[in-house]
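Handing you a structure now.
Should a chain be cited, it is by its letter among A, B, C and D, assigned in written order, with residues numbered from 1 in that chain.
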Amino acid sequence: MTQVSKSIDGAQDLGPDYADLDSAVAVDLVAANHILAHNGVLDSFGHVSIRDPRNPNQYLQIQAIAPRDAAISDLITFDLDSNAINARGRPINRERFIHGQIYKMRPDVKAVVHSHSPTVIPFSVTEKPLRAIFHNGHFLGQGTPVWEIRDHAGEQNNMLVLNNELGRSLAEKLGKGSVVLMRGHGNAVAGPDLKTAVFRAIYTEVNAKLQMQAVMLGGPVNFLNEYEQQKLQNVDRPWDTWKKQVGAV
Amino acid sequence: MTQVSKSIDGAQDLGPDYADLDSAVAVDLVAANHILAHNGVLDSFGHVSIRDPRNPNQYLQIQAIAPRDAAISDLITFDLDSNAINARGRPINRERFIHGQIYKMRPDVKAVVHSHSPTVIPFSVTEKPLRAIFHNGHFLGQGTPVWEIRDHAGEQNNMLVLNNELGRSLAEKLGKGSVVLMRGHGNAVAGPDLKTAVFRAIYTEVNAKLQMQAVMLGGPVNFLNEYEQQKLQNVDRPWDTWKKQVGAV
Amino acid sequence: MTQVSKSIDGAQDLGPDYADLDSAVAVDLVAANHILAHNGVLDSFGHVSIRDPRNPNQYLQIQAIAPRDAAISDLITFDLDSNAINARGRPINRERFIHGQIYKMRPDVKAVVHSHSPTVIPFSVTEKPLRAIFHNGHFLGQGTPVWEIRDHAGEQNNMLVLNNELGRSLAEKLGKGSVVLMRGHGNAVAGPDLKTAVFRAIYTEVNAKLQMQAVMLGGPVNFLNEYEQQKLQNVDRPWDTWKKQVGAV
Amino acid sequence: MTQVSKSIDGAQDLGPDYADLDSAVAVDLVAANHILAHNGVLDSFGHVSIRDPRNPNQYLQIQAIAPRDAAISDLITFDLDSNAINARGRPINRERFIHGQIYKMRPDVKAVVHSHSPTVIPFSVTEKPLRAIFHNGHFLGQGTPVWEIRDHAGEQNNMLVLNNELGRSLAEKLGKGSVVLMRGHGNAVAGPDLKTAVFRAIYTEVNAKLQMQAVMLGGPVNFLNEYEQQKLQNVDRPWDTWKKQVGAV
C-alpha cells in the first residue's frame, strides 16, 4: 500500500481561477487522489476527475504528477474535448480523453477514475467477466465490458487513450455501466458524484480479489442476481474515514 | 491493513448513561473496534457488540461510523429487538438486528462481530465449507453454515439484515456454532466474551487464508477431527498484544 | 505485518540471574523475538530460544507473552526437561518442550524457533512436501518431514506439544534436518546459532510462498538438487538490517 | 514491504574519490537502493549499480550491506572485471560479476539491478515464460529468458554468480533484452539509465503478479503483441514520487 505523506489543507488559497469554486470541492478532489493511492488503486499513474460544478462542459483534474503527491495548487480545468484551459505550462495527463469523452456521453456522470488497479487487470486479458460477487461490488452487475484497443487502433497501437476518438470508443463500451476494463492496461470507473466513483474504484478492486479467490476454490460461483445488484450504497461512511486516513478535514 | 490513528483513553468521561458501567468494559469495546480494523477484519463497515453487563436484555455498540474511528463517546445501548435506547440523533447500524437476535437466541453469547472479512466471503459463494484447518481455527469445527438471504427474503432481496425476522433466521442458521457465513456478504461471529469473539473473528480470516492455500496446493486436505476442534484456547495473550498495538491501555 | 513498537535497550539491567551472561546475547534473543514478529513469522504466539552459552544443559526463552512485546526483563532459564529455573511466577510457554527436546537430541543445535508461520501450515495438511525451491531456502533440502500428533497422542489429542514425550517424538521427526512441520499447527526450526535459526524461520516462509506460486503456475517444478542445497549462507547481512528495523543496536 | 528508515542527504560529503562526480548522481544511486527495498524488489540481498558517468569502463555500487541501509558514504567503484578500486576494507558483493559483465557486453546499458524479486522466482522454475501482460510491463516482450547455472557450472554448482565466466554466460543469456531470470535464484534487469532500470525492476514484479493471477483465472491469456511491447515509457513520474517516498530530495 502506498503511503500518503502530505496533509491536505482546505484553507490553502485556490488562486484566481477558482475564486468561484467551493473550496470543499477542491479539497475533496485532492483527497480523492490521496485516498485512491492509499488504497492501492492508483500507483504512480492513473487519475481522477470531477465534472466542474460551475460549468458542466468542463472537468477538473490535477496536473500530471503521482496522485499521492496531489495538492490544491495542482488543479487544472479542461473542456470536454480535453483541452486544458489553465495549464500554464504544467504537464497534463496524456490519457485525459478518457474523462472528457465519458462526461460528454454520460450527463449523469459527475466523476471519473482511471486506474491500473492491480487485481482487475487479469480479468481484462482472460475470458471470465468481472461480476458482482458480494454486496459492496453490486455496481459491477452481471459482468463488466472489456475495451480492446486493437478493435479501434489496430494491432499497431500504443496501448494508450491518446485522443478523443479512442476516448469515445471507450465511453461507448462503458455504455450505461459503472466500470469498463481496458485490455492489458486498467479500467475506468464512472459515478454520479465523487464519493461514489471513489467507492466504486476501491470496491472494484476488492470484488476482483474475492472473485479470483472464489475461482481458486473451484466449482460454480453464486453471483449477485439482477435484483441484488441494485442495492443502494452508503458511501458517506467509508468516505469520511478514508478522508481521515489521508489527513484531509 | 488499516491504520489505527486514534488513541483510546480509558479515563475519558463515559457520561451519565454509563455511570454504572465499568469503564474497562467500555474501553475494551472501543479497543475491539480498533483491533478488528487493524487486523483487516473490519473495513469501513461491520460492527462489534457486547451484551450489556448491567442488563442481559441489552447490548452495547458504537454509533454507525467506521470502527477504526470509534471513541468512548460513541457508545449506544440497544434492547434485544435492536431499538436504540440512547441514540440521541446519532446514526445507528442498519444491520444491528444481527446482534439483537443472536443475543436473544443464545444466552451463552456475550459478544458478536459482523464483518466483511475478505477471505471468508469466497467460501460463502462456493461449495466447499470453511472448516478448521489448524489449531487456532478449531472453533470452526467440521464446517460453518452459510446463510442464504434468498431463502428468507426471496430473489428480490437487498442483501442486508434490515429487520428482526432476517436477524432471527440468521441466528437460527448459526445455531449452536461460533460462526455463520452470509452469502455474498460476510459473516457473523459469536463468543462467550469479547476477547473470544475478537479472537474468533480474526482467526476465521486466518483459517480461510490457510484453507484457500491448501486447496491451491491440491489433493486431499487433512482437517482437524471432532476431538481436536475442542481445543481450549488461550485468548488473553493475543488480546493483550492487540490492545497494545492499537494504543489502548 | 506486525508492528514492533518497543525499542530494545542493551544497556538495560539483566538482573542477578544473568550477571554472568554477555548482555549482547540477551539483546539478540530479545531482538530475535521482535524480528520474527516484524517479518510475520510469529504472531501473538510462537517462541524462540537459545541454548544457554553458560551451560549447554539449559536454554533461555522469554516468558509467555507475545514476541513483539519481548523485553530483556522477560528472560527465563530452563533445563532440558523444560523445567523453569527462575520463572518467579511469570507465565511460561506451554509448548516449551519442543525446545528442550531438540536441544537434548541435537548437541549441534544452539537456537530453536517454533512458529505458526502462515504459508507453511498448508504444506502440513496436504501431500506435496515443502522443498528448497530457491537458493535462500536451500536448508529445506529435498523435503521437510511432517510430524503428525495423532501418531503419538492418538485421535483424541489436543494439538499441542504439552510434555516431554511429545517433544521427543517431534525432535525425532526433525532428525538431522533444519525444519519439521507440525500438522495443522506450525513448524519448528533448528539452527547452529541464533542468526541462522532466525534466517531459516523467515526463509522457510518465503520458500513456502514461492513453492505455492510455482504450483499455481503449473507443470513440473525445478527444485534445488542435492548439491545445491548445501549452499553456504551469509546470515550476517540480513541479521544486521533486521536488527536495525526493530530498533535494536 | 520493507521500511526505509534513513533519510538521504544529497549535501553529504562524497569524499575525495568522488570529488568529480555530480552529487545528484550519487544521491540517485543511494535513493535507488531505498526505492527498490521500499517496493519489495530487494530484501536484505540484491544490488543496483550504475555505469560510472566519469568513465564507461567503471561502475558504481554500494558496499555489501542491505540496500535499505545504503548511504552516500557506501559508494565503491569497480572496473568491468569487477575488481574494486576503492573498497578500503569494506565488504563487496560476491555476485558483482553480474553487473560488470552486462556493462561489458552491452554498451547501451547504464544501470543494472540484481534482485530476488519474489513473484518472479516461480517463473524461473516452471515452464511458462514471464511475458508482457500489461502496458507497464511492455519491456518484457514475448518472454524473458531463463539462465540455468547448471548449464555452465554443472550439477555441482553453488547457485551464485561468483566469477566473470558465470557473469558472462548470464549476460549472454540476457542478450539484447531487458530482463533475464536466474533459475531458483532471482533476476537481472538492465536499463539505458538508472530510472528506467528501477522502473523495470519494479514492474517486472508487478507483471509477474498479474500473470500469475491471469493463470489462476484460467483460459488463454491475451498478452501484448510485438508492436505493443515497444510502448514508450514515462519513467520520470514514478521516479519522482518514489524518491519522495524514501525521503530523497
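Annotations
The rule is short, and it goes like this: a contact is a pair of C-beta atoms (placed from the backbone, for glycine too) under 8 Å apart; a residue touches a chain by one contact, two chains touch by 3 or more.
Computed from a predicted structure; not experimentally measured.
Any chain that touches chain A and also touches chain D would be listed here, but there is none. Although chain C and chain D carry the same sequence, what matters here is overlap: shared residue numbers make up under half of all numbers found at their interface. Per-chain Cα centroids separate chain A from chain C by 45 Å. Rounded to whole angstrom, the centroid-to-centroid distance between chain A and chain B, based on C-alpha atoms, equals 32 Å. In chain C, the residues that touch at least two other chains are 1, 216. If touching chains are joined by edges, the resulting network of the protein chains shown is one closed cycle, each chain touching exactly two neighbours. Chain A makes touch with chain B in their complex at residues 1, 133-136, 138, 206, 209-210, 213-214, 216-225, 227-228, 231-232, 237-238, 240-242, 244-245. Interface residues of chain C facing chain B in the complex, by the touch rule stated above, are 1-3, 5, 43-45, 64-66, 68-69, 116, 118-119, 121-123, 125-128, 150, 155-160, 183-186, 212, 215-216.
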